[in-house]
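Pasting the structures in now, so scroll down.
Both complexes below contain chain A, partnered by chain B and then by chain C.
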Partner chain A sequence: MAVGERDESGDSGVVSAVRDVLDGSLRARLGVTEDQNNLMGFLFVAPNVLMFSVFLLGPVLYAFYISFQEWSILRNAGTWVGLANYVDVLTPLPVQGGLTNLQLNTSVFTDPSVNLFWYSLKTTVIYAVGTVPLQIYGGLAVALMLDKRVRMKKAYRAAYFMPVMLSGAASAVMWRWFLAADGVINNFLEPIGELVGVQLAQNWAGNPSYALGGVMLMAIWGGIGSNMIFFLAGLQNVPEELYEAARIDGASAWQRFRHVTWPNLGNTNFFVIVMAIIGAFQVFGIALVYSEGGPVYATTTIVLLIYQRAFEEGKMGVGAAMAFILFLIIFAFSYHQYRHRQQEEVTY
Partner chain B sequence: MTHNGTKMTRRHLVATGAVGLAGAFAGCTGGDGDSGGDGDSSGTSQATSGGSTTQVPSSELTLSGWAADDTESELLKQLIGSFEENHSNISVEYNPVQSNYKQKLKTQLGAGNAPDVFYVDANYFGSFASEDVLLDLSDLSNAEEFDVDDFFQPLLEAFKYDGTLYGIPKDFSTLGLFFNTAMFEEASVEAPETWSELRSALSAVKESTDVKAPLVEFPNARMWKAMLFQNGGSMLNDAGDEAVFASDAGVEALQYLVDLKKDGLLAVPSELGAGWHGAALGSQEVAAAVLGPWGLPFLEENHPEVNKNIDVAHLPIPEDGQKATSAYTVSYSASAATESPAASKSLIKGMTSPDGMAKWAKKGLALSARKSHRDLEYYQNHPRRKTLLEAGEWSHPVAYGPNSEEIINLLHPQLEAAMLEKKAPKQALETAQSKINSEVF
Partner chain C sequence: MARSSYEYPGYDRSGASYWSKTVVLYALVTTGALWMTLPFWWTLTTALSANPTATSVTFIPAEVTAQNFLKLWERPDILLVRWFINTVIFAGAVTAFNLTFDSLAGYALAKIDFWGREKLFLGFMSTMMIPGMVTLIPVYLILVELNWTNTYQGLIAPLAANPFGIFLLRQHFKSLPSALGEASKIDGCNELQTFYKIYLPLAKPALATLGIFTFMGAWNNFQWPLIIANENEMYTLPVALFAVRNQYFAEWGLMMAAALIIVGPVLIAFLAAQNYFIRGMSLSGMKG
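The block that comes next holds the complex of A and B.
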């Protein structure tokens, strides 16, 4: 979203405050004229641009260069291999055959020994589909509850936000204990299972069928808190008079949510969705600490695979190529969201 | 769990235990160091064994490695101190790395500012040596009063690349059978010497004790690598350019472990309350585990009562099989780009000299890499460690050339698949073998 748009939507108090100050005494004191506004602006952002270029943009471009090389980190040198790394990563493709008789090659998604990249992409997509909606709408639900007059509202907010402050590694270790074969969760599940006659207690982390579920549970648990904060901020921005008008018109609680709250949360919603999808595709730390990508590749996400290739096996070129493919995937999703958002922009 | 993972787990556990261990260790190793009973000729031998006082120009060296805890780095500093005393023209700065040692070292080597002397794990030694970043240490093979033949041959071989020596073993660990003698007595069984004896011992223990499972093993079947060799198999062919572990020997060994698991005689740590073998033994959830010397300080410190009942035996072997175990080893190597190659070699020699090695090994976490140290008083007084030390003779380092880590990353998930009964052992090993042969070699 362009800066200008955001100004009009009114959620950029800081920008206008800064401008007010500049318009007033500060500008006069500094002797800055209207034309020099740009220069001041650049000065303000210069430190950030500089840090960004040196520590982020530079390395990213260098990684792009490395992705066309067979790169040795030990010799700090490489040999140009063109697209070979990309071909290595992507083949065999999920589709095979010519243009006329295109066939789906599902084995790349079901058998990790056919192509681990596509398999880990599938794992990551399952993770994203399973976590993103629950993170977002769980966060929204909690925000809606805690936006009302609730006793000990702040304590609840702090409690829900707590997981966000924990490091991923710490929460992964914690959840490993909870989900261990003789962990807390099984202690609850066992008696319930006995009552209903089903084996509910499982070796959650050690079983390839359930390991990814544990990582997803952790992500949802952590994601609800951070999204709650964004939605709470969004809810503060919904003008009270809209609710008053809706009440006068006899709107029910659901109608007030559907036609007042929801459209007004559009910006927040967009931001939260984009961030959640990006975060889901980049999942790494919790999967590494919780189960190290296993058992039997069950939690090998794309970034974990990149880590293994580049930093364990020293195949920097292949790792960089994977990273750029991942970038394209994330870019495509974000761009799609952005276009979608533009189409449904509402104004009052 | 990847191989790296296993190792990390090991190191992590040591590191996490370190806080609690530190105090007791200080007592233990301090005492050992002071008594120094068996190192009677140490002073003189060190002075002469350095032997490089004449040619080595004045130099400042940096030494990098990792330390499991404070006592370990203290001990290393003491060793460096006594080296410096005997080499007045060399000063050594010790820079231990707390985490991500390998990644940091790789970056330093690439950037051309690596330490002069550093630890190299056998597992990634091959990838370093094949990139020509290590200093040729062949001189040390002939160095006076160094007695390179005293090192266990398999360990020395692990640090050769194309026949050239690029590292001297700092220490090593082998896997042995740790078992709870009280439980074995309760079941009226003795330390098993063969696979079938092991199986019947485990069955008897399961019958007569209330352990959760008689034996614990990681889902990636760490002990399988040793069993493969016991059964006449091998990881790679003689030329080291083809994986050959999916042989009958390998399949049979893996099938043996899978059958133990199916019959409830073996559990993976995630099925128990304990995260690893040492904790499982200590909490008496299991009666036996295939473990290395790093388990001993943990048991001694955290489970002193149970520890009294824990004995260590050589790994059981198949009938008509050959003695074999896995070894994990780390070298002192030097950077090919060091400005002080002679001083670096001298430092490596000092640290791994008979005397330096003896002092280091008394830490008790890893074993001396020298055969003659079997006769050290320390090992006479620590028979469990002596058992593990003896196995150095027939050990097979877990290191498979320049692509060792990739090989392990391809192998472990397949071993997991077999142990978790997602794949038949034969199919799992064949998948791993063909992947390795097509992607690595």
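The block that comes next holds the complex of A and C.
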């Protein structure tokens, strides 16, 4: 580290300069030169640097390049088409007309035959809005309950964790059966429906109005357990003294949660929200296995659409363009959350 | 009414309101736990039924038979053993590579004082922000160019390194005293020996946590094997399940038996080493 630069522990320039001298004397004592350290350090990280360059950073740049190409599967090469893929994906736009008389063109969101990208974006947003809060606050609720002196805590925790260990493909096949017209769920709903005089049993996966609901249900089912674990870990870090102080001040259970627990879970909350949103916008496997994007595109999420365009139809350029638009959306969300988090940060 | 030994209201455990709250708490936690576990029970009862119907599998199955598992075994287009071995090779190799690469990098980032170390660490961490679907198409095209589709190396290579593992192991190596390494170097060990003989054995708990977590992720991975493996012989279990589903759609007993074969090994491992799973999960929540 250069003299005068602040290191991660926040030392001032003088301290780190002194440290550099001491480090130098330590190195001399151990017979290790700075060059040797640089070489060893580089060799140790080399495998990872190589893997990340070839399979992560390089591909991001390559994907950007592909998004301007019309790709030919036979030649495994592309022809430059400029912004044509982006235009193709995004038009017709949700707004039309000039800047002076801007009109909303809602048909792109309601009719899959107008523009499938906007339609699947709407589907993905509905999925995200419907699943993320329930996954997160369901997980928080379970964590708060299990954090109390509950008997057989370990067994309960294991029960809630079980869906987390399930492959999305297996989960989708299972729920497809439970939600089938003659499945277990309808078997429960039918007598209840008869009792209240409403037709509750439905063909959940076969009806375009309900198919996405099934995917969301299984996502919530599978997502609560991991968030519970994150929040249980977060709750461990809330200082016990704060609760005692709050109790002595006569704070109610709600006030203790609102003013002690909640502010102290800020970091966990931020992380969990960002991860859940990133995950929700990339939902793919469960939608594909559950209903293959149908019926009538009801479960065609963006990544499923990318998969179909790129890998089923061979339109790599169109797929890459969609992937980049989605990348931008996800980045904007994460950045917004990050800025929001910085404003809210509490310190004691 | 006598107060309990604690003087704050929250600790009062004698009143009627305490008991009613406890009952509500247990009712809620148990209902949720049933919602989480009942689907597994239905999967099991369906897999064990000859003619599963909603009524027959909901609680206790009328008859128990292994015939769905036998069918999976006997159908010529269902290569159960091959798919199982594929998945073991895939998940095992991904885990082995991750542990090797990430422990090397994690050690260097924690214990070797080399030029640009902190910036490199930040660089590694920021790669976690890249959504997986952006790299899907280019990585596939690169592997097509290499003729690596439908091969084990094609399945394994893109998942062989993971920034989360670097983060986890760096934290762990940082928590170990530097004096150990200094002493071993005075005794004549070089950097590699210091890493291998001194620090790596001390990192076993972290390695086990990361290993189990990585294995589970690869075992359940659907998206990547689906794209790179499109020949029957190269399927992993989740992809095979999707293929079987398209073939034998309404044979629910068969489908549930297949689903159980995927879940079974992970579930058994979980029951044997619950704490490693939970720790892996909660550590993955700390990386932010």
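Definition applied: the second predicted complex is superposed on the first by the 298 of 348 C-alpha atoms of A that agree within 3 Å, B and C clash if a C-alpha of one lies under 4 Å from a C-alpha of the other, contacts with A are read in each partner's own complex, and residues count from 1 in each chain.
In the analysis below, a residue touches a chain if its C-beta (ideal position, glycine included) is under 8 Å from a C-beta of that chain, and two chains touch if they have at least 3 such contacts.
The model shown is predicted, which means the values in this text are computed figures rather than measured ones.
**Student:** Do chain B and chain C fit side by side on chain A in the superposed arrangement, or is it a clash?
**Tutor:** clash
**Student:** Using the touch definition from the top, say if A:311 reaches chain B (first), chain C (second), both or neither.
**Tutor:** In the superposed model, A:311 contacts both chain B and chain C.
**Student:** Can you tell me whether chain B or chain C touches more residues on chain A?
**Tutor:** Of chain B and chain C, C contacts more residues of chain A.
**Student:** Applying the touch criterion given at the start, work out whether A:148 contacts chain B, chain C, both or neither, answering first, second, both or neither.
**Tutor:** So A:148 only meets chain C here.
**Student:** In the superposed arrangement, which partner chain does A:113 touch: chain B (first), chain C (second), both, or neither?
**Tutor:** In the superposition, A:113 contacts chain B only.
**Student:** Does the superposition put A:268 against chain B (first), chain C (second), both, or neither?
**Tutor:** second
**Student:** Pick one for A:76: touches chain B only (first), chain C only (second), both, or neither.
**Tutor:** both
**Student:** Can A:324 be said to touch chain B (first), chain C (second), both, or neither?
**Tutor:** It touches chain C, and chain B stays clear.
**Student:** For A:199, decide between first (touching chain B), second (touching chain C), both and neither.
**Tutor:** Touch partners of A:199: none, neither chain B nor chain C.
**Student:** Now for A:100: first (chain B), second (chain C), both, or neither, which partner does it touch?
**Tutor:** In the superposition, A:100 contacts neither chain B nor chain C.
**Student:** Pick one for A:343: touches chain B only (first), chain C only (second), both, or neither.
**Tutor:** In the superposed model, A:343 contacts neither chain B nor chain C.
**Student:** Going by the overlay, flag which of 75-83, 93-101 or 399-407 in chain B ends up clashing with chain C.
**Tutor:** Clashes occur only in 93-101.
**Student:** Under the contact rule defined above, give the chain A residues that sit at the interface with chain B and also at the interface with chain C.
**Tutor:** Correct list for chain A: 76, 180, 182, 311.
**Student:** What residues on chain A touch chain B, complex-wise?
**Tutor:** Per the touch definition, chain A meets chain B at residues 72-76, 112-113, 180-182, 203, 205-208, 291-297, 308, 311-315.
**Student:** Which bits of chain A are touching chain C when the two form their complex?
**Tutor:** By the definition above, chain A touches chain C via 7-8, 23, 26, 29-32, 36-38, 40-42, 44-45, 47-49, 51-52, 54-60, 62-63, 66, 76, 142, 145-146, 148, 150, 154, 156-170, 173-178, 180, 182-184, 186-188, 221, 224-226, 229-230, 232-234, 244, 247-248, 250, 253, 256, 267-268, 270-272, 274, 278, 281-282, 284-285, 288-289, 303, 306-307, 310-311, 316, 319-320, 323-324, 326-327, 330-331, 334.
**Student:** What residues on chain B touch chain A, complex-wise?
**Tutor:** Residue list for chain B touching chain A: 1-2, 4-5, 103, 106-107, 109-112, 127-128, 131-133, 219-220, 268, 270-273, 403, 405-406, 409, 412-414, 416-417, 420, 422, 431, 435.
**Student:** Looking at the complex, which residues from chain C come into contact with chain A?
**Tutor:** 8-11, 25-26, 28-29, 32-33, 35-37, 39-40, 42-43, 46, 53-55, 57-58, 100-102, 104-105, 107-109, 112-115, 117-118, 120, 124, 127, 129-142, 144-145, 157-158, 160-161, 163, 166, 182, 185-186, 191-192, 195, 216, 219-223, 226-227, 237-239, 241-242, 245, 252, 255-256, 258-259, 262-263, 266-267, 270-271, 274, 277-278, 281-282, 285-288
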